[in-house]
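Lettered A, B, C and D in written order, each chain numbered from 1.
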Amino acid sequence: MYMFILKKGIDESTLKEKLKSSSASYKFVNIYGMEIALVWPDSEAEKIYDYAIEISTKIKRPFPLASNEWKKEPTKIRVKDVEIGGDKIVVAAGPCAVESEEQTLTVAKAVKRAGASLLRGGAYKPRTNPYSFQGLGEEGVKILMNASQETGLPVVTEIMDTRDIDVFRKYVDMVQIGARNGQNFNLLREVGKLGKPVLLKRGMANTIEEWLQASEYILSENNGNVVLCERGIRTFEKATRFTLDIGGMIAAKTMTHLPVCADPSHPAGKRELVHSLALASVAAGADMLIIEVHPHPEIALSDSEQQLTPESFEVLMNRIRGVANALGRKL
Amino acid sequence: MYMFILKKGIDESTLKEKLKSSSASYKFVNIYGMEIALVWPDSEAEKIYDYAIEISTKIKRPFPLASNEWKKEPTKIRVKDVEIGGDKIVVAAGPCAVESEEQTLTVAKAVKRAGASLLRGGAYKPRTNPYSFQGLGEEGVKILMNASQETGLPVVTEIMDTRDIDVFRKYVDMVQIGARNGQNFNLLREVGKLGKPVLLKRGMANTIEEWLQASEYILSENNGNVVLCERGIRTFEKATRFTLDIGGMIAAKTMTHLPVCADPSHPAGKRELVHSLALASVAAGADMLIIEVHPHPEIALSDSEQQLTPESFEVLMNRIRGVANALGRKL
Amino acid sequence: MYMFILKKGIDESTLKEKLKSSSASYKFVNIYGMEIALVWPDSEAEKIYDYAIEISTKIKRPFPLASNEWKKEPTKIRVKDVEIGGDKIVVAAGPCAVESEEQTLTVAKAVKRAGASLLRGGAYKPRTNPYSFQGLGEEGVKILMNASQETGLPVVTEIMDTRDIDVFRKYVDMVQIGARNGQNFNLLREVGKLGKPVLLKRGMANTIEEWLQASEYILSENNGNVVLCERGIRTFEKATRFTLDIGGMIAAKTMTHLPVCADPSHPAGKRELVHSLALASVAAGADMLIIEVHPHPEIALSDSEQQLTPESFEVLMNRIRGVANALGRKL
Amino acid sequence: MYMFILKKGIDESTLKEKLKSSSASYKFVNIYGMEIALVWPDSEAEKIYDYAIEISTKIKRPFPLASNEWKKEPTKIRVKDVEIGGDKIVVAAGPCAVESEEQTLTVAKAVKRAGASLLRGGAYKPRTNPYSFQGLGEEGVKILMNASQETGLPVVTEIMDTRDIDVFRKYVDMVQIGARNGQNFNLLREVGKLGKPVLLKRGMANTIEEWLQASEYILSENNGNVVLCERGIRTFEKATRFTLDIGGMIAAKTMTHLPVCADPSHPAGKRELVHSLALASVAAGADMLIIEVHPHPEIALSDSEQQLTPESFEVLMNRIRGVANALGRKL
């Protein structure tokens, strides 16, 4: 595939004309302040010359916009005043599921005090079993936003259905795509069009290359604000709930300019492992963490085994700070 | 979980009253001609007695309606006049993607001649890469329905988005849930409400238990017409595209009353393996097969490596017939 | 890598001279009645010309001797008067572990009566736990050989240690390499030197390519009598003990001239699945099956869950015969 | 299973008498300065009372000696004057394969200078392909020992065959069991009898529970000096060579008193990932690292892609020191 970066302020009509009359396929994308034309196959793209083209690059990987073949410098993503992808490691924390105003606000205040920058919490919950608690839906989103207003923490929460896009447009600061929707391509496209920052979890059976192609669904809708989140892959090992693929997360980072995040809660399955996996992720080079914290994990409506208490979270944050500082980063 | 099968023609209001005033959770389902109440947790369910209850069964598996703990006899599912789950092995065949009127009709006629009972074909296509051919969408569905009218073969095709439910209501005979949406719970629920027969593919990283719980999302919306389709799981092996888990398919069959289907095309990745996997699936006990056939596989817009020619499909059908007959079944 | 097949009855000394004085690496192998020189890397091999070379072939796969790039016709392997790899499907059957004279003889007679051609049974047992029954060792081998004499069935049994090679030289008809020793390269080499037929199980985490390279360790010791045995790979699925990779087994068959065998007992884990997996393997194209049969599975010292009774085995054999006949093979 | 810890200096003969005359199975082990009797099944063990028994504990896990159910304090293992399992993180470093005196000595000096405590290097090499460089064998071991004498670094190197046990008895300080022999039970038992410290790699398809049972083969031969080494498991992901299961390593640590080691080189496959995986492992809680270093990785005879240069290793050691210090440990 060829990527043509266009000159600024130039009329593209002759280029579009040429593309239309060629046998090439193409797509125009406006991203990172640039006007870009993606053109394929190579044999056709090579024939196109136009005054509007500033840089023409052949991209080998199947995720041209997400690849660092053309954009070497890391992309920094802003969620309100929080910057992801810079020196500072960003921690999103909060309950697995939003259960009530009080529970959410209690956690929000606690995680803020401990140094978290974002509030996480599930309102729409993908549950394996239809008879399990399914989340509070839009009401849950509103509870999150109230806690956000009280604490000043921007909110990241999961979307499961293209029909809910308006709720997310109205309220949410950062939209999460969960592992089970990691290849729900229509949802990815809609979230791309929404334009808000996206936390894109890797599907539990997706390769790094498939994960990056999933991000490409968002980027190609002119939305470059994607953070890639590793949350554990499915393997034969059952001593942990999933296998956090820290090597895969870093392998992704060597191929993309997008920031990477680790979720140590879901793979751990057990509280005692969350600390280890969080620290390991930061030491490996994660730009962000997303961690489940509950005021009373033992009575949580979901994932009670893996949510930290506010006290344990605070201990963890101090240890993360130590590791981050040792490696030239901040918390 | 407890399952209460209610007496026919009985007023349920006192039972509902009792459930409402208990601390139990419950759900009423109308399925297979029965009125059923699912009640949990067990400690609460055990306290409920009512005149309306004919049979009360404790169900241990997390997919009560799909389990054969209460419904021993296999469920037979009708797609128009085709019965799935009986003696006869049902074969759905057709192109990976609907590309044109002509391509679709040619294949439809060929597969009918060779003994297929259903026409398959992708109109909405989940593609790993956003720049690949994405299917013809609603237009593709209409092409399929035309071919259906000409040949008399009912159509099975994939839905990817809850927003497309009306297209499927209007046209399609059997709705396919693809592997990548195997845990798209909102889509499963909508397809349940739709009431049409469903071909539910197993997610490529889903356990048998998760797959059966996914079917439960459909059944609990009063739609018992689900065929479980094994299409290959993700493993370390790359000599085939996916690993067709024939043992898992049969393990599922020992736990459910629903029919099982195998898709030998997607795991094979190569044409030469499709025959072997199709025959193996029938010998193991599959009730249905879904096979990709293309008039000219070498120029197909997707999956060209694994689509059979009509000639090869006919040879395969004859071999399937032999194996089926040897094991007391028909084709 | 280049393969030079040498002319018959020709003096090789000048070729050896040339190879010695070149910078190529090489290995002479005498296999399938041919004298063969393997020479690499290609850049060096291409420079070698000699009168002794009848055919020179460039082999692309990393298992030159096992590859069907040069030997198109399937290899048939004889274990005494049993031929593996021809029209007839060969079934080896017997207990998981040899427990006593009586148990072994009872099973041997039963499986012979039902149509088995080989007697299987574990004397040296690889057990996950050091406190489990570890097998009878050499005594177990002798019990097997007695049963062999009484029934006329040749014996296949597993070797675990290079130090036991003399026991196998003295007694055993076919030597099995178990899944846990699938990459025990020293053992493979010794079994190659032994010259007896080998049943080479695929390591539970080995790719098809690694499996075929393991066979190459045996073949390159001048022993071409290898049957490749698929016995299930490790995947995330736990409803079965292992995932029988029928597609992988057939993919191997498309790359090699060696016969392939399936072990339906170990992956099944449960008796009720053994039938399905055995029938599926035959339908897919396996040349051989190896099945566990015990006179009283419920009191077996190992694998009691997956051993068939003699009665069930007989039923299965009849069904296998039906499938084999339907596909133009015999039992 | 029951564990009886015996009183010191007590005559065990009456206990042995009782066990002999019971229907229990049992095994006496002398480990960590204690005389221990393991007795099973529970129903029989419960009947045994004897004056010689100081503590009687029911052990639930299938690896009684390795379990921390009875031995809470972490075991520290000495390789000459190097202690593994204490505050100090121990790093073993050296070439993938011993290629020559000079190469080995150069690396040994470099890694010592950078802070490594042990010299690693492969003399017996398990290679997937029979035509690859197979290691220098005993000669390689001698080269390692010379470099050990010059630098004072004790040596850890891999054993592949029970027939080589005398070479290891004579020369080697710490014996490595490689991933491909992770369930070579005869080799494990011999290495147990040898009595030297063992670095036990996890088989690439072994669960945590199987890995710990493998260690039990060594411990039950009265050898408690085992370090468990995670080196990456086989998963569907191919962007890295193996998936380093850091969560699994720490899950193991929560179940055993044995120290844990991580091998970041083999899973990385690429030099740039070795740093990330090494740092992650230390942050998670590894007691030891084993890292491949080569003076000129680009001309290495094996694994050239993943060996660090001495310079890169030194940078890594400084970063490891920072992370270790931040978490209250030393390098």
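Here is the rule we go by: contacts are C-beta pairs under 8 Å (C-beta built on N, C-alpha and C of every residue); 3 or more make two chains touch, one makes a residue touch a chain.
Note that this is a predicted model, so its numbers are computed, not measured.
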Please find the path from chain B to chain D through touching chains that uses the fewest steps, and give that number.
1
Count the C-beta contact pairs for A-C and for A-D, then tell me which is higher.
A-D
With chain centres defined as C-alpha means, what is the inter-centre distance between chain A and chain D in Å?
37
Separation of mean Cα positions, chain B and chain A [Å, integer]:
32
Could you please state the distance in Å, as a whole number, between where the Cα atoms of chain A are centred and where those of chain C are centred?
48
Residues in chain D with touches to at least two other chains are numbered 205, 234-236, 238
Residue numbers of chain C touching chain B in their complex, please.
205, 207-209, 232-233, 235-240, 243-248, 250-252, 254, 267-268, 270, 272-273, 276-277, 279-285, 319, 322-323, 325-327
Quick one: in the complex, what on chain C touches chain D?
1, 25, 27, 38, 40, 62-63, 126-131, 160-163, 180-181, 183-186, 189, 203-205, 210, 213, 216-217, 220, 233-234
Touch list for chain A against partner chain C, complex
234-236, 238
